[in-house]
């Protein structure tokens, strides 16, 4: 008989949780989750209660022998866990507003995972995650951490560099590519094979096969590519796509269409507010719904929240590990010698065979020469920023920002960094140590 | 409806062919082979007829719509093929006798794939295979070549270095490891995962999992490892195995137990004759059986021939390519950046995901430091020998032999090379060009 | 007795030539140049005459047995040459005006070696240089080509990639660093050692020693760095310099101070004209001077022309090769495994020991992590642009530009590329083949 | 005015010391040594006195202001040292006898730096050297350690891996190559340039230039190569040399002529005794001479001792560092990315520019493919043996020996290792910890 599974959800009070609960219920046969521990911090207690009650109602409706626990005691939850999923937001949506607005003042993209905003999110998040990892090393050393917390690649790299926890970075973006292709070609996702090369939120799809036949060339000619709902809709330049020989992630629009995206952000920030503000309104509405004592399923409105397929990605990965399925998933893992122009320790987003012992990366078969420099450039920024986050080193933070492709000048970098750090002061004890 | 499959078997008159035919019959549902072309050369005509008639009787008995063709016209056979399987032996078993006996005179292991014997086999074989590849480039450029011809790693590397044919090297040794483990743990092979690192006939198994749990440590402690029937049975040294942290291929006994294997070869060569001579007797008996007009199945005696699971390996690979199965098989493929201490162009034997577009190698996760030098050393020999084979360059041949770990002196290398080349003269036009 | 030296100067009618002649005269004892061949094209005949006559007067004054030849027949000049120096400008200063002005229309730095301007210069120059190399392969296969033609790194890489000519890229920028330090510390340049890491016009000085003691830290603290006269004077940001741990080339201001440099270019282009226009006026004045039949020395005004120490760098390199001096010079050479995050074929600018057999690069000892990404990014652009230049491939040209760190959008890249190609049409036969 | 130099000689009682003293006297102008500290251990006190008195007489005769100190107090000597030279022999010549004789019993070369003997020397030496390094880190952190102690490459790698001391491995073998060539071509060594690639006692000379012209091809054709007096004289095989394209170190005869060298050792061991025994007799005679109170110069007999040019190599290196000479010397340094088929941490023997900040390795320009495997193979052994030496790990020691190219079987390795460890028991506290 197979072992029952204990799952811990850090940031359990998140609006995403009902989707995750739905996933565990739907896949109970392949992944017999006996205990779900929703963990949050004092400030999130109210949300945790609301979401936890909804989770209890959903499980009750399912009739499955799943126990749902709500707690502020992280260590209690982690003890002997099998999977730890992280979906937290240090500083909550207020900090995201800063990430999205302050850079704009300096003529730089404001975004929560890319550029200066992403760096601040990393600064706020990495120390907290490393603290959780210390607990895991002690209380559940064999558990897998599935890290969804953005910037997921940087956070994951920080964990495997500074901790012994087995961490896998995971993102809903690759799965969304499969969904798009599945719809486009009207075939099951299992009949599709897409090769991913790059970093988290900076990948290129370098081949697409349907039933083993490559469709890349025809897709590049037709210039039909996926773009998530939460990223403004610019079509890619057709001549560019044809000569590139790969399909860029929609996050690459911040780089390839920097001018246009920046103008758009500047325009929309005055009109409709930042993405953070929109999401905040959506979240408030969701929590309103969650409180309905008659609600016992994931409400349809959650899908507008962004992060579609998040639950699907998480449950799929846990299932494959649990069952030693050896199917291919696109994950954030240590580079090793795979992309030989990047450091061995770099976290990269590539196809991996998922075994019970974790993901085994497949060798990337195709990397267009054109994309290597940008990948290296962003990875340099990431590695500097990770070390700055861990050490609280302003010099490294300045170097990270000054070498980010989206920052137009070291003088801009210095001034912007000063304002960003000051604004985030309360959330960055490593940069502002108590004397 | 799926495309019917055309398979060409180069060296179709081989005694192995009935096993292959059996495989096509057994797996017809997943791999609808419509045409099997058995190709051989003039000197092999008689054998081709005998084997071909048996193949026809086997197919007839099966009732399946498979056509079997026998021909000496290679180009006719290759036209529009889907898979080309090679199982030929240039110089036939007589040349193998030389490979196995001449080195012994110089105090060096005599073996048809390892050491000087393997080098001569490569010299005889590579030019012929490259000729076949030229035909394939013209007549069936999209076909997959499954190369079983030994030394399979070197031959495959020669092909992808000097031809555009899509070649995969394949060996029955990895599949035999799975068979052994399946029996040992009494589980289906599909529940086992073994990581292979190394070269063809020079691999180490660096992890073994059953249902996702590693069994390597307990196996190393128990010192129970697989050894093929056709390799003398020395038990591995227990202290050595425990500190190595990997299970060596039984071919590694030629290196790790060189002294003992050499003594054994010298002793047995006077008594029972070489392996080539034993095989020759077995083959004669097999062809006697094959001629029986009532025989319409693979005779049991074939299993004593060695090369067990050869058919299984071949059909399994074709099936996975045909159906885009994306399962993991251990194959001989181009290194790229996988083992970063070997040349990028090196052919290595590693786990690969088999897709319709061919194998995608998995990144090797574990390579004990202790084995890197020997791997590099043999690869140096291989690359020198491949180039010597292609160019007919005696200087390179001498360097290859002089740097082979089993050759005790450059003076020995020089004398032995002279005798080997002279003995193989008729089969080595590249070394003995007509004026 | 030592061999007399034959030097060919391609672009002999350049205003720089008198400096070179002066160098040969000054160093005649160590480098006995017997023949100087000044070669130019039909369109440059008049300038060649003027410069050639001045050269003759300078040599006559020196009393040395040097013969000066002026010719439009390149092949005649190249026959049995020892050194070939290139200092040409395809399209002359008019094309430079385009390089410097067209990008500005698109909000991109206009510069003759960096960014879109540099790319166009590479497009115009590389095919012409490769033609010269074809002649050299035939007429003087043992000659050394000293390539000063900008973009010197890209042009040199094109040569050693597509020709067997022994080419060394050379730039006056490293020698200028030594001049600056020599003045700053009041010591002979020979007592200084500076380590360079990077690409041509994209290097960082990663250590500076005076009499073997490192002065880097104190220099970074004092923020005193060299800046050539022809680059606007922005002081580096002090906090940035301290945390960087290296001194950037002044060309790096186009990247690190992109915003400021761009604003400056836009402002000055309306006022004082481009650098090309200023240089044009300077050149006109110089040629006016050169025509004076009483002038028999290099006029002082030449020093305002930019390219200071150009002659010194060239003669120093020839002397060291000729005399097998084995001193260290900073040169543009093939990377090999030196900077392991760049392609092996990349041309890099690093310290090299100069022997009679050419430069042997020293292993770079220090590369701050912060600079790797930018270096990789610009090298990606360079390699795409070189291939575009050789093949006349618009797709590659678009990729090169779209991935250049200074270009803000692929749409901008596409439009700008179109205008640049059209403007340079007459000079780019590879992009506009005659039907 | 320049700083006076303090030199510490660990193993000061060695018979080599007079040569070193002679060197300091001869080169006093360029290297103003004010203090020479001869350090030895209790067991070497008598020898230290004899050698020290001779040193004092030599210095007195020179009239130079050099102070010679003899001490058993290592820490006193090391305080504020500028250079520390190591030339010690843990276990003295008795242990060398074991190194040279025990392997022979197992049919393996017995030699003090190569094979099992070298490994035992490393086991005895490395922990002692690392202890000295601990003192240096504290007492003279800026000093340079010049390590002559064999196996010099392994010992040096152990130091820079496990200590922060600035260590350079040095060997008299490269300088001997220059002496040979200087005589052969009748030119000053300074007019010769030889490229070395490989490891200590395992190098190949891949180019030889006289006045900048390559002489390699003619040397390979003539098959005239250097062989030290203390290595039996086998001529290299001519066909082998021609196709190799490099000149192997004479130590490579243990590998390339293993059979012959082994037969020779077996024969001579019964007749004339081991090299250790011969050296022991020579040493006894030398110390007899050294005691002569009238002797005030290095006696001619020392040259028969082997290790010719040892003093020259040491003083040359100190002079170049002290004076920031930037000349090229062949030294044992960290690989980095130089030989990209070896680990970055590997100690390799290559040409290096010697600056005041230490050696900067030149990129090796030529490595014949044929030699890469053997180099990798021996480096694998070395790295395993170094770790075994540091940790006292028998498993690693067995792996090191089992993977050494000269050991014919893992069973032989196991038995031989057992005997070697037992014999050296008293000198290997790390393998035989006190309970």
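Residue numbering begins at 1 within each chain, and the chains themselves are lettered A, B, C and D in the order written.
Here is the rule we go by: contacts are C-beta pairs under 8 Å (C-beta built on N, C-alpha and C of every residue); 3 or more make two chains touch, one makes a residue touch a chain.
Please read all numbers here as calculations on a predicted model, not as lab measurements.
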item: Between chain B and chain C, the fewest steps along chains that touch one another; value: 2
item: Neighbouring chains common to chain A and chain C, by label; value: none
item: Contact-pair overlap exceeding half with A-C, pair selected from B-D, A-B or C-D; value: B-D
item: Relative to chain D, chain with the most remote C-alpha centre; value: A
item: Between chain D and chain C, distance of the C-alpha-averaged centres to the nearest whole Å; value: 45
item: Centre-of-Cα separation between chain D and chain A, whole angstrom; value: 55
item: Set of chain B residues in contact with two or more other chains; value: none
item: Inter-chain touch pairs (all); value: A-B, A-C, B-D, C-D
item: Chain A contact footprint on chain C (complex, rising order); value: 107, 236-237, 239-240, 242-244, 256-260, 341-343, 369-374, 376-381, 383-384, 394-396, 398-400, 402-403, 405, 408-414
item: Chain A contact footprint on chain B (complex, rising order); value: 191, 193, 207, 209, 211-214, 324, 326-328, 336-340, 351, 353, 355-357, 360-363, 365
